[in-house]
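What follows is a set of structures to go through.
The two complexes that follow have chain A in common; it is paired with chain B in the first and with chain C in the second.
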Partner chain A sequence: MNIKELLHEQSILIPLAAASKNEVMEKLVDALVASGAVHDREAYLGALHNREATGSTGIGFRVAIPHGKSSGVTKPALAFAKLAEPIDWDSLDGQPVTGVFMIAVPEAAAGNEHLQILIAISRKLIDDEFRERLLAVEDAATLNDLLGAI
Partner chain B sequence: MKKILAVTACPTGVAHTYMAAESLMKKARERQIELKVETRGAVGVENELTEQEIAEAHAIIVAADTDVLESRFAGKPVVRVPVAQAIRNPDGLLDEAMAKEASAPASLQAQVAQTKEARSKGRSGFYKHLMTGVSAMLPLVVAGGLLIALSFTFGIKAFEEEGTLAAALMSIGGGAAFKLMVPILAGFIAFSIAEKPGLAPGLIGGMLADQLGAGFLGGILAGFLAGYTAHYLKIGIKLPRNFEGLKPILIIPLLASAITGLLMIYVIGEPVKFVMDSLADWLTSIGSTNAALLGLLLGAMMAFDMGGPVNKAAYTFAVGLLASQVYGPMAAVMAAGMTPPLGLWLATLIAKKKFTQEEKDAGKSAGVLGISFITEGAIPFAASDPIRVIPSIVTGSAVTGALAMAFNTTLQAPHGGIFVLAIPNAVSHVGLYALAIAVGTVVTALMLKILKKPV
Partner chain C sequence: MIKHETTIRNESGFHIRPAQLFTETAARYASNISVTVNGTSTTVDGKSILGLMTLGLSKGAEITITSDGADEAEAIRALIELAESGFGEN
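Up next, the complex of A and B:
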């Protein structure tokens, strides 16, 4: 699977030092803008916040997956941050978060292929072993290897 | 082995839907529970649950923050939670689903509802469009017809006195509700064909049909005309991209309404008005022999396929005539639609040896469906023994229809079963009307007693 098309090098933040959930989200959005996946920062950020407002995307097990569908998104994309310090995300299990996957989906999702990849990654997050390895990654290369193997 | 089903869905449809599915599957594997999960996400519905799987399932877990067509699971034990719950606590959900009391074998009501559902799904083309229009129109007819009937409780001419409650009821029922009948019929036929762009031309065509005196037949024609005109304009007209937005809001409504309207006024209106007038004249001056024959035919049609196309043809005919102030066929049609389940109920009482215990239990439900004018209540019986049941119910209904017409009974409302009898003036000659229903019920029951084989 060609994960590089989805997860641009500029969108991998290891480690990311941030003080709050909002700061993490903004930094990841900035990274997606820099990589060319998002053209309207505010619109996409709005979609992310709307999604958070309906219920935290902290899925538990120290992982969060903020995601948003917005016309501000140019193409489906991923961003990943490994946080230097765990941050509270109002997670389902109450634990603070160290791994954050941000998912960007355009309003008119063209081509299912990329969506399928995002879906495969989402599914994989349920696997304990995969999660442990994900939270242990130290650089972009190991992350790419790990995701590429899905 | 208990089989569990689940459906997962979330608004964005890329993350939670699939994590919830995966999380449930993982736990189910660990615990060796048989589980199938339908996902409704951004790439559409995957792993869709079939009707058979739903029927066989012990319980269904719905972990969703959006609509998942839950009506499919009517009568099944359902565990309903937000999607996140399935990610956090799949164990608990599986426990809850396993602990659910298994549903009783599908009741008669559930079977009837299922048949109706399957039928409306299976409808296609002409019939589907017509039924969309008729079902949109029905509430207007019910409300209008009953309000007019209520106005008559103050005296048959009471509404002529301005400022009275009777006059107010008449203007709500006759002046507003009945005036909307044909436009709504035409509008929703067109809507069914061409979606939103069809609605306006359909409503306009229907309004013209009403004004021109072309009645419900004119309305049906206007609806199809408007619908197909809008449909073909929609696919036929190609505009530069920048002007594409004008199509649904300006070009299609304008052209389709003009075409439909002009055809209604110059071509279709007059001949259809002539047909409608002749029909209404004939029906109001019909001798009792012809009336009885018409009732016989309508009655037989009502029972023939119990809610299928033949039944709906008779029904639509009668409902449409209400718009032309012809109330006799409606009376015959409803009475004849009530007797098939009623006759079967009576038969389970007088011919106990010829029905299984299950059928005898179902007989009581059939009775309730019968008095509610839900002809479909007869379907489960007819399905298990069509060669004996269908002739019995057709004969009973034909007799009832003929009697209702011969007795000159009329009915103002298109539905309601025995309950409209309680509303003053909704039915004329209530006693004779009840007699007509009772005779048909007895005829059906006796025929079943003779024809059916002992079980």
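Up next, the complex of A and C:
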């Protein structure tokens, strides 16, 4: 699983100014629509909200991984936002979120594609230095270097 | 120290939500908790959500939960029950 291949240039928002978790999600969905990965904005957004309703995707460490499987998704993709200001995400550790990875998977995707993407992201996030650099990232080129480095 | 084997039962595997539930449950106990993927040397801290997520276990994966400490029996009972319930999913 190569994260970089899933992360289209148009789906990287650094920095993203937003006032709420909902606004962050909407902006990221718009970016996925712009990159051609999502064709039904409302359907995919609905899947994301349904998922958040079962429990926050704020995993702690100031990172959130909202994700949804939906027929509104054309192809598996990833979007990333570094927030201009930290936002509350009801995270496990109570800390506000600065970095957001959004995972989009088509409804018809074979079995465990979302799991493969999640593994790839987690394997990077578990590294303290990666997290520190990720949350300090200032442009898409640096993000790409970072994702390719480990 | 006690060990117990179990199998991942929920369709969508061990993704964020199950990892959260597992770490939340593990954190209620003082014992050290670890999870090993059977047949491999891969072992992670059962109180680390990222550690558990890196395992990316899919349905049918066999794991061994190890609990070590004063409340090891209660801890492992709660974690096995959680895994066997499919983490509240199906």
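In this text, the second predicted complex is superposed on the first by the 136 of 150 C-alpha atoms of A that agree within 3 Å, B and C clash if a C-alpha of one lies under 4 Å from a C-alpha of the other, contacts with A are read in each partner's own complex, and residues count from 1 in each chain.
Here is the rule we go by: a contact is a pair of C-beta atoms (placed from the backbone, for glycine too) under 8 Å apart; a residue touches a chain by one contact, two chains touch by 3 or more.
Here the structure is a predicted model, which is why all the values come from computation and not from measurement.
In the superposition on chain A, contact of A:Gly68 is made with chain B only, not with chain C.
By the touch criterion stated above, A:Ala43 is placed in contact with neither chain B nor chain C. Using the contact criterion defined above for the overlaid structures, shared-chain residue A:Val105 touches chain B, although it does not reach chain C.
When the two structures are aligned on the shared chain, A:Thr54 is found in touch with chain B and with chain C. Within the superposed three-chain model, A:Ser122 lies in touch with chain B and with chain C [touch as defined at top]. Greater residue coverage of chain A by touch, when chain B is weighed against chain C, goes to B. Across the two superposed structures, the residue set of chain A contacted by chain B and also by chain C is 54-55, 57, 59-60, 65, 67, 92, 112, 115-116, 118-119, 122-123, 125-126.
For chain A in complex with chain B, the touching residues are 51, 54-55, 57, 59-60, 65, 67-69, 92-93, 103, 105, 109, 112, 115-116, 118-119, 122-127. On the chain B side of its complex with chain A, the touching residues are 11-12, 14-16, 18-19, 21-23, 26, 41-43, 65, 82, 84, 87-88.
Note for the complex: chain C touches chain A at residues 12-17, 19-20, 23-24, 48-51, 53-56, 58.
Across the interface of their complex, chain C is touched by residues 54-55, 57, 59-61, 65, 67, 92, 111-112, 114-116, 118-119, 122-123, 125-126 of chain A.
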